[in-house]
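First subunit A sits with subunit B, and in the next complex the same chain sits with subunit C.
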Partner chain A sequence: MAEIAPANFVDQSVVPGDVVLDLTEMANQTIKLGGGLRQDCDAIAAMKAGTLRFSRPNKYWVETSQKRYVPCVEDSVLGIVVDSKADNFLVDIKGPSLAFLPVLAFEGGTRRNIPKFEVGTLLYVRVVKANPAGGKAAEYGSLKDGYMFECSTGLSRMLLSSPTCPVLAALGRNISFEIAVGLNGRVWVNATEADKVIIVANAIMNSESLSGVQQIGMVDKLLKKINDLAT
Partner chain B sequence: MEQRMANTWRMTVNEKKFIETALESGLRIDGRRPFDYRKLEIKFGKDEGSAEVHLGQTHVMAFVTAQLVQPYRDRPNDGTLSIFTEFSPMADPSFEPGRPGESAVELGRVIDRGLRESRAVDTESLCILSGKLVWAIRVDLHILDNGGNLIDAANIAALAGLLTFRRPECSLGGENGQEVIIHPPEEREPLHLIVHHLPIAVTFAFFSYESSVVIDPTHHEEAVMGGRMTATLNSNGDVCAIQKAGGEAILQGVIMQCLRIAAAKAGAISDMIKKEVDSYNTKRALLKIKRHSTPRDVDRGASDIGLKQNSSVDQMRVDEFSGHHVQRIKQECEEGIAKQSRDVESETKLSDKTQTNRSNEDTKNFIGGPSSWDPYSVGVDSDSLKASLASQGMQMPIEKQKDSKGEETRSEAKPEDAPENNNPKTSPLREAESAERANGEKTLKDAVKAKNRKSRRKSHSSSGPS
Partner chain C sequence: MVMRQIRAEIGVVAKADGSAMFEMGNTKVVAAVYGPREVQNRSQQLNANALVRCEYTMANFSTGDRMRKLKGDRRSTEISLVIRQTMEECILTNLMPRSQIDIFVQVVQADGGTLSACINAATLALANAGIPMRDIVTSCSAGYLNSTPLLDLNYIEDSAGGADVTLGIMPKLDKVTLLQMDAKLSLDTFENVMQLAIEGCKAVADYIREVSAFHFLFFFSNDKLSIVDHVDEHCLLSTYDGYYWRTQSNCSIVEEHSFIAWLATLCRCGVLYGSKLGSGPHLVAVLLFWILKIVTWRKLVNFND
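Showing the complex of A and B:
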């Protein structure tokens, strides 16, 4: 009985104001509300436009796709070094404010050999602590060469979903490339030749609003056009 | 401070290096070739003189307005043209509201120079009273989205706005001809500005590696480029202005090559602007025609359509039918109506349309000849409009219901029309009219007869199975 009401809305699009859960029907249950939901006495209403998601046992949240990123713990993001202070790097992760990256967070990093990151280096980092004022990051490493572009958070989530997103699978069959996706809406692509990088980047940027089948079709058309041009 | 720093867009070293390496092999990050423009879209707003330009992701709007002011003392016979730019903070995080920054001032100056120095807009025609009153044209450019290459997009928007802008017509009156009367648009059609040619700005970006040059840089390319040059040319190949503000030094040969490329691009872009402006003007004129006809009666809607179709036949028919040979018209009308009344009762709507429709020939012509349809090159004024409607009253394709009602109103309309149009067009049109009549009689009758047979057959077949 308690499953009927939420099942109507889970994985459906909701807009601000939609009542998604009626608490009177679900007595004696603890529910965890994630982002985008608000409690109004007995009803849970959506505050953001997006898709309602549910994960066992009792977690609900609204998944939105937007350009801004709200830092969450354990998110892998791509950051750009903005400044270096005494024992921190200031890294921009497209959040409300800059994140601190402690110098000692690197492998084999001590006070003596501080890695030198010049301003503008692209780093693949993990969010360790996220509070409204700022955040702290731990590092995986810096990304060399390649090309980074920005997209919406929804697209990055789609690229990271499993099974592999159709556009990546279709591109991977024909082109060999490296990719790093940050949940903050930044994607880094690298390949042996510049034109491959451009193809992959543009294909990904265009695939946001397409369904799986459309994505594969788009990639095929793109590759065919390029092969025709090459020959 | 930290908040601000977090909001600005940053360039990574990877991006910079990649853009430059890709350019070495002639590739750009959005897949364009070095001398390709992005997709250009020009749209017009409801007000005259407002234009919106999308150049890729760059989005600019232009508004043109006019005001009567006193002229400058050293130029008592010239109107003025001024450009104002507004860089909205929603276009780019680095734009601040308030005082225009350096790039805003530069953009305004480049566009202003292109229009003013080359005398693209004729300022002498803006003079009403020498030394006392002239029109001051003001162009406001609003940058809504900065996707790179604002100068080119803003220039196109300004030109599109100036080409579609209309100022009210003024006339001098009063005792000693010193009073200026501004006519509202309902009274007299507002006038276009006189634009002699279109100066198009083409921007080039230079990069340090291998002195590569690209046209129409995007936002990312602008952040990486070493220098920029804007050349303003028109489609005749005249150079109106060149702007190179600092940046990398470039060879003279490269500059000349850029000017040659800019000449080609300027031709293409000005053709596109003219095409869009023309289609906007035709659409607008169509709206105006409909507005003229609504005061009479609802069925005039049908007559408008008839008019448009008929005007394909020849321009002369629209202009030259007049009340002078109303007699002729009355006869034809009566015949037509008699036919109609016969047919309305007996046959289906389909046959009504075809039989009673004297514009059979016209519709045939219309289907065949879109190229000859230009009713607005010769101005249509309300008198000739009414006359032609009266003469062609029976030629309407009756697309809606109530055929009999239509006939009645049409026959009512005729006598109204007839007395109005007796005077204006008599002598010069007689020869044309007689020729028309001769032609008309022969062709119309033939057409009607042919259609009769066809439609009878059709109606029989349609009524057969049903």
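Showing the complex of A and C:
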């Protein structure tokens, strides 16, 4: 296998199998490997297709954006109720398996006083336990009205980054809306009128591959088009 | 040796978690991957690994004569099994226990080498779906006709009676995951043919790497866009909004939509539909691409300040 210097691959796109680090030339260093990387004897290889990122002093990971979600503890996600069993609800969070939402996780919830969620209710929940077997979810609440759409995991991470993502800041200056972003690629938007909801949803979906400046430009163009149509 | 022209597109099936279309010459194949998701048949659930299922079908209109019912016939079942075993080798199934990964491959146009095209398409679709893999699997077929080793046989060469070796390798790990042959070959001829197939697989792997890197330029865009052409890391697109020339640098995208992009599209289409290399429209297209590259380069420089 060829020796690849780390600098060559950082911020480059990698494909599964690409050797990104050769440990023989980095003795006595501790490296932290994040998602998408795997150790194979003396070499670190990528498992997923994405962009390799490096953060000082020693963290490497592959930034990927997919339609499928990998559950991690303490992630906020949007789930849809699929089934209700005796002690818990089964919630679909777009992951490898369904999540359990214990009935007792609700405030004022007892065995007698089970909150009634029909199949298909949209919930905003937090992942409490995520072993490969399945995730348990603790509840924040059900989301009523509004509109839910799906996007990629990369876009949801960007929407939740701080400081505020440019597209949300630009939209917030002109439209008042409520938004819940799940790290599993689902976004819920609510506003006073339906057309505002659609504008916000379209702006977010369009901002996937744009940079900050472009996002603001795109939002301005969109709002201008709407105002032109209105007058 | 020269193989047929290959072309790939990622993200062709909107509903699937990952999908790809792969063409080798006239053979076109579409692969769609769903997963990892909840196992649908509880009895088949594996407690330590993910369950990989694969289905290979040929469309009725894919061969010269229209075929009748083809799903579930013996050849399809065998090829489904072969693809499943090949892909299962490279997927890290122990990371996703109790889940299921479905790979659906359909041949849209068949002209020899369908198994290879299916494996290549499945690899791209799995990478698109973000399923952890040890390495990509690329595949190519080679044969021996009239005392000549041939790379990437089409239907006519395949049915001429010589041997047909299909090889699937993991290029970075240098391991063979699939080796299949019809007919007979002497051992030294086989060595030559296999070496040729390995080179073909490595060429496919380079192309797949290029396509994956390039995919980030327009991934998940909701516009109805079609890519007219791409040169290195730039691409010429047409959307309902206009014509764009897109460049990626440090994961930000610079777009230049203009008259120049529209002209370049026209010239490129002219080149595609008949004019020869070196003729008028081709030279004009090359010139326009250079102008676009310079314009976006200047914009990038201003951008990064």
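Basically, the second predicted complex is superposed on the first by the 203 of 231 C-alpha atoms of A that agree within 3 Å, B and C clash if a C-alpha of one lies under 4 Å from a C-alpha of the other, contacts with A are read in each partner's own complex, and residues count from 1 in each chain.
Here, a contact is a pair of C-beta atoms (placed from the backbone, for glycine too) under 8 Å apart; a residue touches a chain by one contact, two chains touch by 3 or more.
If you're wondering where the values come from, they're calculated on a predicted model, not measured in any experiment.
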Thinking of the overlay built on chain A, is A:208 touched by subunit B (first), by subunit C (second), by both, or by neither?
second
Which superposed partner A:118 touches (first subunit B, second subunit C, both, neither)
first
A:48 contacts which: subunit B (first), subunit C (second), both, neither?
second
For A:195 in the superposed arrangement: first (subunit B), second (subunit C), both or neither?
first
Once the shared chain is lined up, is A:38 touching subunit B (first), subunit C (second), both, or neither of them?
second
Once chain A of both complexes is superposed, is A:141 in touch with subunit B (first), subunit C (second), both, or neither?
neither
Check whether subunit B or subunit C contacts more residues of subunit A in the superposed model.
C
So, does A:98 touch the first partner subunit B, the second partner subunit C, both, or neither?
both
Following superposition on chain A, which residues of subunit A contact subunit B and also contact subunit C?
95-98, 134, 202
What does subunit A use to touch subunit B in their complex?
80, 82, 90, 92, 94-98, 118, 120-122, 134, 143-148, 188, 194-195, 197-199, 201-202
Given the complex, residues on subunit B that touch subunit A span 2-3, 5-6, 10-18, 21-22, 25, 27-31
Help me check something: in the complex, which residues belonging to subunit A touch subunit C?
1, 11-13, 15-19, 36, 38, 45, 47-51, 64-68, 95-98, 132-134, 151-152, 155, 202, 205-206, 208-211, 213-214
As the complex stands, subunit C meets subunit A at residues 17-18, 35-38, 50, 90, 92, 95-99, 127-136, 170-173, 208-209, 212-213, 216-223, 250-253, 255, 303
